[in-house]
Structures are given as C-alpha cells and as structure tokens.
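So, here come the structures, one by one.
Common to both upcoming complexes is subunit A, partnered first by subunit B, then by subunit C.
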Partner chain A sequence: MSTTYVGALELASGAVLVSAVMTLWRRQVRSIVTMLSLQGMGLAAVAIILAVHEHDKALLVTGGLVFVVKGLVVPGLLRRVSKLDSNSRESEPLVNVPSSLVFAAVLIVLSYVVSSRVTSFAPTEATHLTPIGIATVLVGYFMLVTRRRAVSKIVGLILVDNGIALVTFLLTSGVPLIVELGSSLDVLLVVVVLQFLVVSMGRHLRTDELAEMKALRD
Partner chain B sequence: MIGATSTIFSIVATLVQVVLLALLGPLLIGFMAKMKARAEGRVGAPIVQPLRDLRKLLSKERLHARHASAVLPLAPMVIFAATTVAIAISPLVTTRPLLGSSADVLVIVYLLLTGSIAAALGGLDAGTAFGGMGSSRAMTIGALAEPALLVAVIALSIQSGTSNLPSIVSTTMAHPDWVSGPSRLLALVALVIVVIAETGRIPVDNPSTHLELTMIHEAMILEYAGPELSLITLAEAMRLGLFFSLIANLFFPWGIDTNGAYAGLALGVVALVGKTAIVALGVSLIEIRSAKLRLFRLPELLAGGFVLSVLAVVTGLVTR
Partner chain C sequence: MVLLLLGLGAGLAAAVASGALPLRPRVPVAASLGAVGCALAFAAAMRVLVTGSVESFHTMKFLPMIGLTLSLDPLGAVFVVASALVGFAACVYCIGYARGGLQSRTAMALLMIFIVTLLAVPVAASIVSFMFCWELMALSSMLLILTDQLHSREARSAALWYGVMTQLGAASILLGLLLITVHGGGQTFADLKAHSSGLSSTIRSFAFVLTLLGFVSKAGAVPLHVWLPKAHPEAPSPVSALMSGAMVAMGVYGIVRIGADLLHGGTTWWWVLVALFGAASALYGALHATTSTDIKRLLAYSTIDFLGLVLIGVGAAGALLDTGQPGAARLALVAALLLVIAHAGFKGALFLGAGAVERATGTRNLDQLGGLIHRMPGTALLFALSAGSIMAIPTLSGFSSEWLLLQGLLHGFADRSTPTLIIMLLGIVALALTGGLTAVAFVKAFGIGFLGQPRSSGAANAVDVAPTMKIAMALLVLPSIVIGVVPGVVMPLINRAATVGLGTNASSPIAKGSGLVLSQLRGAIQPAELLMGLVLVFVAIWFAQLGLAQRRARRVDAWGCGRDVQTPRMQYTATSFAEPLQRVFADVLRPQSDVEVTHVAESQYYEQSLLYENQVRDVLEQHGYRPIIDAAIRAGKSARRIQNGSIHRYLAFGFVALLIILVVLA
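Right after this comes the complex of A and B.
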C-alpha cells in the first residue's frame, strides 16, 4: 500500500515537471497547450493521491476542482485563442530552445539544492518531492520572461501557479477548500481576461507578440 | 576448481555475446527495414538481407582513395575492436561476462566514443568534401548526445549505488518497483533519444538516403569499399545491437542469466533476442511516424534529451 502510494505520488509530480519542461521544448502553441492540460491533470492526480492516502474528503473535492479547471477549462480557453491565430508558433523566443532547455536543467538542479533545507524540517515522502514543485515555478517564470507571444506568457503564468499549487499540496496537503476554490477561480478569471486581451491584440495588430504593442488606447 | 569452471563459463558467455551481437545487429537492421517496408505497403527485403550484403562486400576487391593514408584502412578495425570489447564486457546474456567487473558505465560510453572518433577520422582521411561534411556533422551530434547519454546512465547508477553495469542490472532485478519509477522512465526516454541519435535512425539521420544535404553517417563511409565497408557496416550494426540490448537490459533485465548456468545462458540468448526485437519494433514505429528533422533543429531534440536525463538524476536524488 505504502510503496504504491509513494510510487504514484512520485509519478504524478514527475509528470507535472516533465510537462513544464515540454512546454519549453515544443514550439507549436497547440502542443504547448496540450502539455499544460496534461500538467493540470497531473496536479489533480497529486491532490487525489494525497486525499486517498490521508482520507481527506475536502482535498478530494479540491483535486476534482483542479482537474476540471486546470486540466480541462483553462487549456480549452487557450486552445480557442490559438485557433484564432493561423500562425500559432513560438517563432523566436528571446532565448532559443536548446539554450532554454539547458537553462531549465540548471533551474531544476538549483531548486533541488535550495529546497533540501526546507524539506529537512518535515521529512515525509510527500515533502521530499517539493523540489519538483519549486522547479516548476522557476521554469514557469523562465517561460514568462523569455517568450514573446502572449499565449506563451499566459502558459508561463499558469505554470507558476501550478508549481505553487504543487508545493502547497506536497508540504501541507493543500490549503482549505475555500482558499483553493478562490485561487482556482482567480486563475480562471485571469485567463479569461487575458484571452480577451489576446483576441483584441490579434484584431488590432494581426499578431500577439507583445513587442509589437507600442501604444495603449481606450 | 569452482573458480576454473566459472572462468570457463565466463569465457563461453563472452564469446556467445560477441557472436550473438554480430548476427543480431544486422538482423535488427533488417527487421526494422522490413517493418518500415510493411508500413509503406511494400513486401520489403528479407530480414537476413544485411547479412547477405556483408558477405557480398567481403568477396569484393579492396580499394583505397589515391590520397588516403593509413587511417583509412585502420579506422574500420578500430571501430570493430572498440565495439567488440564493449559488447564482450557488457551484461547482455549474462551478468557474469569475463572482465564484467571492469564494465563501468564510463568505460562503455568511451569505448563507443572511440569508435565514433575512428569513424570520423576515417571519413576525413580520403580528403573528399562529403567525408569531411559527414564527419563534422557526426561529431556535432555526438558532442550533443554525449552529455545526455552520460547523465542518463548516471541517473541509473545513482539509483543502484554503483556504476558497474552488471551490478546495475542485478540490483534492478532485485528491486522490480524501480522500473516504473519516474527516474527510470525519464532516463529511458532520454536514452531512447540518444540511441536514435547515435545509431543514426530517422528523426536524426536517414540511413537509406544518399542525398548530400541530409546524409550524415553515409557521407562518412562514402569512400569505403569491399571488405573494409563490410567491417565498418558490421561494426555499426553491432553497435546498434549493443545500444538496443543495453536499453532492454537496463530497463527490463528479466531473462538475463545471473547464476552462471549454461541453461540460463541459453534462456538469456532467447530473452535478449526477444527484448531487442521489441526495442527495434519501437524504434521503427518512431521512424515510421516521424520525418527527418532539419539539422538545425537537432540541438533542440538532443538538449531535450539532456534535460530529461538531468530530470532523471534529480528525481532519482529526490525520491531516494
């Protein structure tokens, strides 16, 4: 029982980080969004595994919520945005793909080095996996900084949020349900607002590269 | 007395490994060609065709380019020798080959690298444009694949607590739950990418093309003919066989002989043939489903492999 719990938890949190790296690796916006959806499902799996292990019904509900919002709704919205744009590729990020992958490797090692001190306070199977969550946050920030397209930036933002959520699940077995509900709705709203922004950018500029946006008008 | 019989067993096992891989490598290439032909709706050449080609080449005349030095005829022998030594000491059908204690992961990696360098030198030696281009490309890919390969294998050795290949295989057999762990799976994906790059299969290199813009490995061996071409092709096939068998044995070691019995050895041979056939089937599925990447996109693929292997190391450290 215990070994299957640990194995499943490792596999699910590993899937979260791998999909974060895959979003840096792929160029097509469509496949980046697919990776994001996989990540949301992995995050939901982490919550559900923890809930089953600790017999926590509220966490189970949170897991279901995460699955619906981050696994299905948010990627679905982003997919609709990327359909509007025919040229949906991350053509030239500020840091090219091979270098950003190597940089991601550095960030992953960094998060492992840094978080070993945090986990030593409460060494359990779950807290040992915290570096994976912190690495996801760092990869998300990296994507947010180095990608030019608005959709990629939204993906980076959601990566950061997913990473924070993973750390919360692993360290404290999740925050109270009402807080999780609030933050999930927050993310959803942010994505909806940004979606409007991207669509109107596309209408005015014929692109969603932020560098093309020179002036703001109302 | 027991020492003597186990030494004899180790010698027999080592010979079995070398002879088996010399047959299995070309057969795997034939098998993958057959799978690809079937997927394209052709009948395809028989699986033994690569072996027939090797025999045909052996009976041809030795020809050297006019300006070639001693490197040209020497390179195939170096590749063949390095690959054979790597095969002889690796745990392929038994975990007790002769000199198995020296089969460190770094030794295997650098024996294989010696072969690649010899191939590149042989390609350069004739002084043709194609040879130089092929060598340059092969070295570029090799330099990118090398760190990914090393780090992926280090991930395995961290988990097992040893860098000795036979010990890694036997500790994996003792801990079957490791095989489905995230560290192993990531290392497996990274190794598959590296192996595709190192053996020159489709997303990286197309082994059946002679188009100057795309060929890598074929450009290097363009100046070889007759018995030397046969030797170099055989060595490359054995190298492919070794890579496939290592993937099979490091990630699914069951069937390999561990207690030094001849019956186990026979079982090990059958298991190895079966497992490598499955790996070859997987690789040919990748080949069928994907187009060759542009040369400039290759660093992305191999950097991805590198990151996955770093991930494998970190998750291995985290979950230990």
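Right after this comes the complex of A and C.
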C-alpha cells in the first residue's frame, strides 16, 4: 500500500513538472495548451491520491474540481483563443528553446536546494516532493518572462498557479475546499479576462506579441 | 457628552442629507442640520468650560478592534468652541453662498464632514481616534479646495501642496505618538499621560519634536507654511474661513495637548523652539500680508502671522512654567487660548467678507476694487469691525488678547535665565512689529477695497450679498465685541482650559470682573469703561458740532493737481500703498519689479504704453522648497530609465528578484 501510494504520488507530481518543462520545449501554441491540460490532470491526480490515502472526502471534491477547471475548462478556453489565429507559433522566444531547457534544469536544482529547509520541518513522503512544486512555479515564471505571445504568457501564469497549488497539496494535504474553490475560480476569471484582451489585441494590433505594445506607456 | 454626540450626529446627518437630497433642498437642509450640530457641540463645550468637568465616551463601533475614544475636557472645549463658532457661521453663510461647485452632493457632504472632524479632533482621546479624525479633516479640506474651481491650475497645485505637506505632517505626528506608546504602553491619551513620565528624556524629546513638526506645519508656522497661502485663497470662502479660523488652530491644540498635557511639559528648550517658530511666522506672515494684493492671500498670510503670536504665547507659557513662574505662564497660555477664539471670530468673518466681495465683484484683487462701502454697506461695516479687531483696536477682541500676551511676556522678565529671556525679547519685538504691519495690511484691505472710487466695472456694479451671508458674518463679529468689551466674562472659562494645559492649580493672576485686572502683577484694562468714555466723547463732539456748525456743509471738488478730469485710476492702489514698506523690507521680501516702455514709432520721447509689473513671491518657497522638488523630479526622471515600456522587462524584474530572494534565503 505504502509503496504504491508513494510511487503514484511521485508519478503524478513528476508529470506536473515534466509537462511544465514540455511547455518550454514545444513551440506550437496548440501543443503548449495540451501540455497545460496534462498538467492540470496531473495536479488533480496528486490531490486525489492524497485524498484516498488520507481518507479525506473534501480533498476528493477539490481534486475533482481541479480536474474540471484546470484540466478541461481553462485549456479549452485557451484552445479557442489559439484557433482564432492560424499562425499560432511561438516563433522566436526571447530565450531560445535549448537554452530555456538548460535554464529550466538550473531552476529545478535551485528549487531542490531552496526547499531542503522546508522539507526538514516535516519529513514525510509528500513533503519530500515540494521541490517539484517550487520548480514548477519557477519554470512557469520563466515562461512568463521569456515568451512573446500573450497566450504563452497566460500559460506561464497558470503554470505558476499550478505550482503553488501543488506545493499546498503536498505540504498541507490540501487546503480547505473554499480556498481552493476561490483560487481556482480566480484563475478562471483571469483567463477569461485575458482571453478577451488577447482577442481584442489581435483585432487592433493584428498580433498578440506583447513587444508591440511599448507605445502604450504613458 | 450626550450633547456633543448629538452634535456630531447632526453633522453626520447633514453629510448624509447632502448626499441624498436633490439640488433644491440640499444646501438649506444640510446647512441647517450642520448648524444645529455646531450649536449642540458649542453648548456641550460651554458646559464643560463653565463646570470644569471632564466627559468621556468610548465605543467599539466606528473603528474596528480599537474603537472610538472621546473625551471632552476644558482644553479641548476651547477649540471645540472655536470650531463650532466658525462652523455655525459657515453653515449659515452657505445657504446664501453655495452656487456651482459647492452645491454638488460631494462638496456639501465633504463640507459637513470637515465641520464634524473639526469638532471631533479636540475631543478624540486615543491615538487611533485622533489620527482618524485628523486625517479625515485633512482629506476633506484638501478635496474642498478643488470644489469651486476643479479645472484651475492654481487650485490643483494648491491642493497638491497642501496634500503632500499635511500627509508628511500627519506621518510625523503618528511617528511621535507611536514613539510614546511603544516605550510607555497604552493607546488612549489617559494611558499615554500616565506612562509618559516613566520615559527617558531623549525619547520624550524625540516624540515632542516629531509631533511638533507635524503640528506647526498644520498651524502654518514658517518655514512649513508654504501650503497655507496657496490653499486658503483657492478654497471656497466658507472653507477658507473654517481652515483659517478653526483648522490651523488644531496645530496649536496638538502642541498643547501632547507637549504640555501628555508629556507633562518636558524641558525648556522645547518651548523655546515653539516660540522661535512663532516669532518667525509672526514676522514673515505680517510682512507678506502687507504686500499681498489678493485679499484672500492677504488674509492667509495674516493667519500665519496670528498663529505665530499664538505659538509665542504657548512657547512662553511652557518656558515660564519650567522656570518656576506659574503666574506669568498662566497669563501667556490664557492669552494664547483667547487669541485662538478671537482669531476664529474675526478671521472667520474676514474670510466670509472676502467671499462676499468676491461674489459681488467677481475679483479678489484689491487693485480692482474700491468704493464698496456705498454698494455693500452691511458687509463693509462687518469687515471694518473685524479688521479693527485684528488690528488690535481697543474695545475689540484682538486688543484684549494681545494685551494679555504682552503682559505675560513682560512679567516673564522677572526670570533672568537665558532661554526665557530669548522668548520674552523675541516675543515682545514680534508682537510690536507685527502689530504695526498688521495695521498697515488691514488699513490697506479696508481702505483700498471699500473706500474711494471703484477701480473696475465689477466693483462699480457690485450688489450687496444675500442676507444669510451677512448674518453669518455678524455672528462671527459678535465674539470680537464680547471678548473686546467684557473680556473678564470669558476669563474664568479660558482659565479652566489653561489649568489643563499647565497641569498646575496655581491661582489665576486675573481678578474677577468685566475687565482685565491683574492681581499680584501690575496692569489693568477696563474696555467697557473705555467704550463708555469713547461714546461719551463722541456724543459730546456731536452736540458741540450741532451747536457750533450753523453753516450747511459745502460740497466742492477735491483739488485735482491741476487736471480737469479725475479718474479712479489716479487713486492709491494696494500695490502703491504697500510700496514704501516693500522697499524697506526688500531684503526679506525680494520683490521682482519690471517696467516695460513702448515708444511711439515717430519719436522715442513719447511713450505709447507703459507696463509695470510687481511680484512678491514667497522667498522660502523659491529658495527652500524649489530645490528639493527639483531634485525629486530629477531622481524620478533618472529612475524612469529602467522603465522602457517592455512588459518582458517588467516581468523579468520580478523573476530576478524572486530568484535573488530564494538564493539569499537558501
């Protein structure tokens, strides 16, 4: 039982991080969104595995919610945005793909170094995996900084949020349902607003490359 | 306390009414409610002054977790009286005055909130309650500057200056209060008072200096006065009256409350500092008042001057108490508090009068006025009485209060220690010099503004203002007359307040009676008898004239220097009247004059037009504040280089910062 639980937890958490790194690798916006969807499901899996292990029904509901919002609804919305644009490729990111992957490796090492202190407070199977959550946050932030397309930036933002959610699941075995509900809906709202913004940007500027928006400074 | 709470409640109800009512009934209803609130607060404060009791109130509502603590003692009551007087008059005045911007929901509601906070600041009795009311007072008054002329550049600049300076001042006050509470404990004023004696003298001095900086900037003391001559002229007149008559006095209240009451008086140099601020303000304010041609700017500078005198009184009281002269100290503090009330009366009336003039003629520039005594006789009479009071003409309030201050300073000479000698000498010199300069300024304000021939069509076509506006002015002239003619009547009341400020129960050197008679010390005036004497003399002259002057009055033209036509432009103007003084004090005022002559094309011996410009700018603003502001703008511009509009760069800043924090923590 215990080894199965640990193995499943490691697999699901690992999937979250791997899909985060994969978003850096892929250039086609559609496949980036697919990676995001996979990551949302991985995150839901972590929550459900923890819920089964701790016999926590509320956490089970949270896992279901995460699955629906982050695995299906948010990627679905983003896919709709990317469909509007035929040439939806992250053509040249500010940092190219190979360097991004090297940098991601550095970030992952950094997060292991940083979180050794956190895990030492309560060394359990779950808390040993917190570096993965922190690495996801950093990779997401990195994506937010280096990618030019607005959609990629939104994905970066959601990666950060997913990373934070992963850390909370692993450290506290789930936050109260209402908090998770709040933060998930928050993300949904952000995505809806950004979707609107991206669409109108595309209409006015014929691109969603944010570098074009310099002239809007006061 | 119930009376005061009802008063504050009525004020808040007025604010709500201003927000809820439609345009037509808005001003009368809100103003009446506000006036009722002021009247109730006035009654509550007078009861405390008469009985000498202290009334307290505490509720957990309004402010979360800490609650609101109010306490009305005689010291606070003096300032409540000042606020209530001006507040009542301002409400009545509004009924006739409010038009345009001031009529709006926001403006009326802000005005009512401003009045309520003016009543509440002197009764707030905990750090949180005090700062809450203080900040609300600052904010509402700052927004009120903008209500009449939202789009004028001067008004916006004035509001900005005022906002920045008042916020810096509030921060300084808060720091000082926190310093006391951190080292002493407790947050109500009663706690602070109980614990402050255990503090080290360094902490107490730091706390005093911090709060002092905030309070003197509110009181418009030089060199922290720069906001005042900008804000007062730009605000609508009832607001100027409230700011000048009541709000700046809150700075004095703060100094007395924190320094003398909560910190138990401290050391002598504190009070030397206060008096230095006072002397500098008195002289600087009076000088600028004489050269101002904008009537409200003149009044604003004269506010700086008068608050300077009050600060001299407060400083002298503190220093004399420390050097063991409770009698003279009491005289000085009573004089300072009496000056506050007197100032609220006449300066409020003057600002309301200036508002009436502006409303009737469309200008505040004295050089464009003239002859208003025929067109606005009521306003002219009330303005003259108030101007007489501020010029310290006997039988009016300015004279009684300044006389008391002078007595306090003179009797302080009994002590020969250096700090008190500095204060006494500075104070007496400042009092004497500002007395003269104020007389010049207000002879100019009244003489140029109301006498002679009108200098513009606006002044020529002026029509006297609504009766409610004149009633409001008359209400504020009343205290001038009462304090002026029978000052002895209010003495016991002010004395109770001084007892709180001084913290000693030493007997008052002022004997009972209608006049001011100083027992133990030498000195007495009986304004009531003086007035009766004056009336008798005038009646005698009148009778004598009746008997002697049998011939009818002859009306002839005045000698016109050989010219046929006399035009109003040949009269003295405000600028020319003040010109000699401007020359004498050129080193301080640094006036900038410019003459530009355009010649006729045919011959350069005949001029076509002549342009004369004369400007007196605030030297301290030009040379003290400008460099600081310029440096801040330069720093801001250089910081802009890292901001290039690229969203990637902004995000990268955050990312790099996060990584640095992680590496540092790991």
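Assume the second predicted complex is superposed on the first by the 213 of 218 C-alpha atoms of A that agree within 3 Å, B and C clash if a C-alpha of one lies under 4 Å from a C-alpha of the other, contacts with A are read in each partner's own complex, and residues count from 1 in each chain.
Convention: contacts are C-beta pairs under 8 Å (C-beta built on N, C-alpha and C of every residue); 3 or more make two chains touch, one makes a residue touch a chain.
Just so we're clear, the structure is a prediction, and the values are computed from it rather than from any experiment.
Could you check whether subunit B and subunit C clash or fit when both are placed on subunit A?
After superposition on subunit A, which the two structures share, subunit B sits beside subunit C with no clash.
First (subunit B), second (subunit C), both or neither: which does A:131 touch?
First partner only, subunit B.
Applying the touch criterion given at the start, work out whether A:3 contacts subunit B, subunit C, both or neither, answering first, second, both or neither.
first
Spot which of subunit B and subunit C makes contact with more residues of subunit A, would you?
Touching more of subunit A: B.
Looking at the overlay, does A:17 come into contact with subunit B only (first), subunit C only (second), both, or neither?
First partner only.
Scan A:108 for contacts with subunit B and subunit C and give back first, second, both or neither.
The first partner, subunit B, only.
After lining up the shared chain so the two structures overlap, which partner does A:145 touch, if you call subunit B first and subunit C second: first, second, both or neither?
second
Once both structures are aligned on chain A, how many angstrom separate the closest C-alpha atoms of subunit B and subunit C?
Between subunit B and subunit C, the shortest C-alpha distance works out to 17 Å.
On subunit A, which stretch or stretches are contacted by subunit B in one complex as well as by subunit C in the other?
Of subunit A, no residue contacts subunit B in one complex and subunit C in the other.
Can you list the subunit A residues touching subunit C in their complex?
Residue positions touching the partner: 94, 110-111, 113-114, 116-117, 138, 141-142, 144-146, 148, 210-211, 213-217.
For a test of understanding, state which residues of subunit B touch subunit A in their complex under the given definition.
177, 180-182, 185-186, 299-300, 302-304, 306-308, 310-311, 314-315, 317-319
Quick check: in the complex, which residue numbers of subunit A touch subunit B?
Per the touch definition, subunit A meets subunit B at residues 3, 6-7, 10-11, 13-15, 17-18, 21, 25, 97-99, 101-102, 104-105, 108-109, 112, 128-129, 131-132, 135.
Inside the complex, what are the residues of subunit C that reach subunit A?
Residues in contact with subunit A: 643-648, 651-652, 654-655, 658-659, 662-663, 665-666.
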